[in-house]
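Chains here go by letter, A, B and C, matching the order in which they are written, and residues are numbered from 1 within each.
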């Protein structure tokens, strides 16, 4: 049993932006040489989230519209008064989406579905250098 | 420390369907013989999700109505144009719910609350053979 | 590689209440003496959840209003007929939020963002003794 930790960095351009990070995760897994176990993926920060979906332009647009309707970017939030950075909606979307995922691996790779990609959701209203921590535990 | 991986399969009939998989997980845990650690549960595919709730018919109905109101199955989604399979709502519900859970175990079983069941949510609009990966890490 | 399990307990006053448990988690991690790995956090019960957000009063109010709008506490739910305890909304909010998080650690602590706190969300409509299981796996 070993545990190996890696940091990935993604330059984002600001909300709404969804980044397919599946290939980066697969590469990080391969570098560990581990054959079976779990990969924890965690995005650092309070204005981004992680989930999985089929990464195709139509669905990307659906998801963008879903968040916009549920937590509008144009609405005023109490949080905006605290810092004056007008990204209250970014924080709400991130809290709803969650910062962590755990993905099992075996049989030569991550055990994702064919149409299931791991997606980093940048909800902040400005470009960020986004850190994603990958923790591989297994043997 | 050991890591043991199992695959469970559930035949689903299509959305909306919630399946209480707590007993299957408890059985899988018992078979490993491990006494303390964490169980990662991951559903393969982009039209299903995992969560925990009290599995009783009233709440099941509430949750069904909640998803239907938030992400209506009758609405047209951009994703539907991509493949023509009219399950855009299934993908959105799955992305919102998330594919993974981690549940600690000890003292002879999963450390769930008395009324807290692990539920596989089938959001797809047709029957599926749904794979759930169970990864038990512990000693 | 070791796995160490701890139980934390929080006395809550009932919904809506958000509790910043970051310091308690950091203390639990320090006590293990482990230097690199992952911490699983799991809340026992079906009327509470875990997420991360910037813990400041403005955002706390935004999140409270978000849940109230999405899943109103004044609405009648089918679940309320089952037990007569009128907390159907608590269960729905908990199922949406999810009971588990995984947070990597290294470099002397939990690898959270500066403004990213771990928050226990009490959704139940009455005071509870809330158990949070912390599972630290690493070396």
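In this section, a residue touches a chain if its C-beta (ideal position, glycine included) is under 8 Å from a C-beta of that chain, and two chains touch if they have at least 3 such contacts.
This structure is a prediction, so every number in the text was calculated from the model and none was measured.
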Interface of copies chain B and chain C: same or different residues on the two sides (over or under half shared)? different
Expressed as a multiple of 5 degrees between 0 and 180, the CA superposition of chain A onto chain C rotates by 120
Here the gap between chain B and chain C, centre to centre from mean Cα coordinates and rounded to Å, is 20
Where chain B touches two or more other chains simultaneously, the residues are 1, 70, 96, 98, 102, 137
Listed in rising order, chain C residues that touch chain A in their complex are 1, 36-38, 51-54, 56-59, 61-63, 66, 70, 96, 98, 101-104, 106, 111-113, 115-117, 119, 137-139
So, in the complex, the side of chain B touching chain A is made of residues 1-3, 5, 40, 42, 44-46, 70-71, 77-82, 88, 91-92, 94-96, 98-100, 102, 133, 135, 137
